[in-house]
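Both complexes shown next keep chain A, but they swap its partner, so chain B is in the first and chain C is in the second.
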Partner chain A sequence: MEQQSLARRLIAKPEFGPFVLLLVEIVVFTSINPNFLSPLNISNTLVFTVELGLIALAMTLLMTAGEFDLSVGAVFGFSPVVMWTLFNQGILPLELAFVAALLLAAFIGFISGLFVTRLKIPSFLVTLGMLLVVRGTALFVTDGFPQRTWNAGDQWLATVLVGDLNVGPFRLYMSLFWFILVAVIFWYILSQTKFGNWIQASGGNPGAASARGVNVGRTKLILFMLCSAMAALAGIISSIRTSAANPNSGTGYELEVIAMVVIGGTALMGGRGTIIGTVLGVFILRVMRNGIVLIGVPGLAYNIFIGAIILGMMALHYGLERRHQAGT
Partner chain B sequence: MLKRVTGLLVGAAIALAVPLSSQAAAKTFYWISHGGPADPVWTYFLQGANQWAEDTGNTVNTSFHSGDVPSQQEAVRSAIATGADAIVTTSPDPGSMNDVVNEAKAAGIPVININTPDPSVDFDAYVGMDLVQTGKQWAQYLVDNGHVKEGDFVWMPVEIPGATYGVQEEEGIKTVFEPLGITWEVTEATLDQAEVITRMSDYVTANRDKISAIIGLGDLVTGSIKRVFDQTGVKPGEIPVVGWGNSLDTTQEVLTGYVNAAMWQDPHATSYIGLSLANMASSGIPAGFDVLVGNLYEKDGAQGVDDILSGN
Partner chain C sequence: MTQDLVRMENITKFYGRVQALDNVTFNVKEKEIVGLLGDNGAGKSTLIKVLSGAVPSSSGSIHIRGKKVDINSTTDAIANGIETIYQDSALVTQLSIARNLFLGREPVTGPGILNRMDHAKMNQVAGDLLRRVGITKNIPTTTPISALSGGERQAVAIARAMYFDSDLIILDEPTNNLGVAETRGVLNFVRNARDRGHSCIFIAHNIHHVFQVVDRIVVMRQGTIVADDIDPKKTSVEEVELVITGMSDEELAAATV
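Then we have the complex of A and B:
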């Protein structure tokens, strides 16, 4: 009886659906190509996953509060350009350039937040405009030229952010540990703190939240800043790893990140969010992209399969979701 | 005293008249590209156009359209409407510039095609590479140097599948590989650097034993080879690679042995010569010939290209 209720409690969790999806993916891809679980492939899969994942974690909090940020991809490209420009031109040492880029990104989030909370413009429109402003600024500042990052290897900051280490047959990057750390902190904030309650209340019923003394505007403002800062951190990590700070980096990431969050079980319209679900969502999408290549889908048919699988996964996800809601 | 003042005034008038007359002679050209403003290669093309404007004192209005055909057509029509002296433009897709080029010619404005040839459109002249020939050269290089043989498989990543450059290059490659029974696959890598590396790494991980050689159909993919090989544990030279070589990433890859040979299209010169032909045509001297560029360099020639790209 107790076992039954434990199983029921597990199934009732919003993360159950994404967990099943991830499991299905792993089983299917491994059965078609056993190399899917090879240390080399797992190491490669983890690298890019966590860079997008950092943004997805912050986006989870923002979406739980009922808002979007479509400018994260542009900030992802812009921030490394700022950091490397300041460093390459000898204006600031790398550490200060890093801090300056993060602060600038937080300021971008602050401006977006002000437009949304003070002028009451939907975040979809505000951040779409901000996307163009930030992307355009990156292009204008650089004349379209990527910033060189080759001398990053000698910097301790680069080692701290993306240094790699071998754990048995696995090659792991430091960014994975940052991702885990941020996921734990955000999980704690969202589920164990008063601020987490404010986030959920702001997205669920902002009117009622305000009436109960929650400063909805300030909560959202902080989350916009956090989201931008995390996009900047992810962009900087990516720029060091790929040895390239292109002003057009991150194009289209905003949609992929939102897909990760939604697949993970966070409500698209706000009010309910799950960090564990987002972690699963991040892996679901990344594993899918990796697995499609590994099972030998023809190169030019790649997008057909990705699109079809996303549709299938969403159908399965919402099916499980409805079932779980009916059972609770 | 009066003579001195008169002399001074005459001198001043002459001094002013010289720039005024040269200003009056200055022409306005439009340089319209299907490339992306953040594409490293296109920034070199742009530099060539800006250098030409600086050297000649003419005005060159430049714009990028990132593969957006209607936007590029609109830009050409704007140039026609403003009475441009000549237009230098690219071909985003075969035949896509046909109507606007005809409209420009009807308005008496010469149009020079750069970067990607399009014989289906009535351009005044073409400056750039013969991409079919380029593909053929890459394939022939791999065959002649014993890197691939009958029954082998060659992987060909490209940023945007279906774009003119990749299609024409594949056409040339096919003429060499098909009779030899060599098979190949084109895969999409996108224009995003991190995504390029990720997708290429996934492919190498999945197909490492199968790949006999790689042909990078674009600059971004060829310039990512080192990072992909490093990530997937492939040693330089283990898988032979040829492709584009218009970026510092690739010159370094050739110098360090990751890429065997790379094609240099001299983007600065392509823009510069394209605008020179446009200027000539606008002065009534028809540009009834094409100018072909391109040079496949190996390790011994890589430093020269690297110096040009570094501005040394």
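Then we have the complex of A and C:
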């Protein structure tokens, strides 16, 4: 009896569906192509996964507070351009250029947040506008050309951010460590802290929250800044790893990131969020992208599978939510 | 008689050119449950909104225990010990009972920088509160509000007001959409709150519910108070209905034909 109710409680968790899906993906891909679980493939998959994952983690907090940010892909492309331009022109040393790029990204989030919280404009419209402004600026200042990054090799900052190390047969990048660290910190913030309670309340019922003295506007503003800064960090990490700061990079990432978050079980309209679910969502999409290529499905078919996953997972989450509302 | 807890003096409120409140003076005493009655548009909602900081009055003043206070927002009202409980809007349905009870005033434990909520304390106090307000069923305090019935939600909101020492708890239609047993529960919660020293303003369309719980009935009509000291023990429901509609028996009979 106890056992059964425990199993039932596990199944009712929003993370359960994504967890099963991820297992199914891994089992199916491995059974078709055993190379799927080879150290080389795992290492390759992890590299890019965690870069998008960093944005998805921050987006989870923002979406739990009831907002989202469509400009993260643009910031992902823009921030490395800023950093490398400042550095290459000899204006700032790399460390300061890095800090400046993060601050500028946080400022972009701050402006979006102001529009949303003060002018009460939906975040869809505000961040869509911001996407165009930021991407446009990146293209304008670079004339559309990538920035040089190849003198990054001997910089300690580059080593700390994306230095690689071999653990047994696996080749791991430092970015994986940052992803794990950020996931743990954000999980802690969302589920254990007072601020986390405010995040959930701001998304769930902003009127009730502010009547209780929760500063809903400031909570959202902080999260907009955090989300934008994380997009900048991810973009910079990516630029160092690929040795290119391309003003076009990150195009379309905002939708992939939001898909990762909602597949994991975070509510699009706010109030309910799960960091563990987002970690699963991140891996579900990246494993799918890697896996279907590996088993010989043309890469162009990728979106069909992603779309199907989103639809299936939404049906599951909303079904669970309704049962939850009904109190069963 | 006991002293006035809250006194609203000469409150007038215009919405554009429409006058919703006309020089209303209204008081609630310590440990008193006041039933506020009136037809739709009589002005009772506006009066409550002024008191709870949701809308500003056009003129007039509010005094708490004889001291004039400024209430310009719901936060001001809560800081002055006035808690308003609307049907559903006061709680975050996704959050647990304990998290709702302490929302905005979460106790923290450990080093300040960790900002960690004291879950143990929250759950323990929440459990005590639910019993104090009169919930007999054993509900885990980690249950999300969405899994609770309408009556239980009211109980959580009332419990929160009691815990944070709200002197005055305003209940706006607390028994709407509730079943018979649930309604009885909510009326009990209100009585418990009064017995523990809280005053209440009770607004409900169902006059019978009001009669079961209040100490004094105040009736509003067309933006003014037309009766402010009706004793429910000495007055019949029908008599109060007449005051609410402002019609004599014959007029009422003619109007309902």
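Everything below uses one rule, namely that the second predicted complex is superposed on the first by the 297 of 328 C-alpha atoms of A that agree within 3 Å, B and C clash if a C-alpha of one lies under 4 Å from a C-alpha of the other, contacts with A are read in each partner's own complex, and residues count from 1 in each chain.
Basically, contacts are C-beta pairs under 8 Å (C-beta built on N, C-alpha and C of every residue); 3 or more make two chains touch, one makes a residue touch a chain.
Please read these numbers as outputs of a predicted model, since none were measured by experiment.
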item	value
Contacts of A:Q192 with chain B and chain C, given as first, second, both or neither	second
First (chain B), second (chain C), both or neither touched by A:T242	first
Contacts of A:A209 with chain B and chain C, given as first, second, both or neither	second
Partner chain in contact with A:N303 - chain B first, chain C second, else both or neither	first
Partner chain(s) touched by A:Q89 [first = chain B, second = chain C, both, neither]	neither
Contacts of A:R272 with chain B and chain C, given as first, second, both or neither	second
Shared contact residues on chain A - chain B and chain C	none
Sites on chain B touched by chain A in the complex	36-40, 42-43, 46, 64, 161, 185-188, 191-195, 197-199, 201-203, 205-207, 227, 231-233, 248-249
Complex contact set, residues of chain C against chain A	74-75, 78, 89-95, 99, 102-106, 108, 114-117, 119, 144, 146-149
Chain B partner contacts - residues on chain A that touch it in the complex	33, 35, 38, 40-41, 44, 47-48, 51, 138-139, 142-146, 148, 238, 241-244, 246-252, 289-290, 293-294, 296, 298-300, 302-303
List of chain A residues in touch with chain C within their complex	189, 192-198, 200-201, 203-205, 207-214, 267, 271-272, 324-325, 327
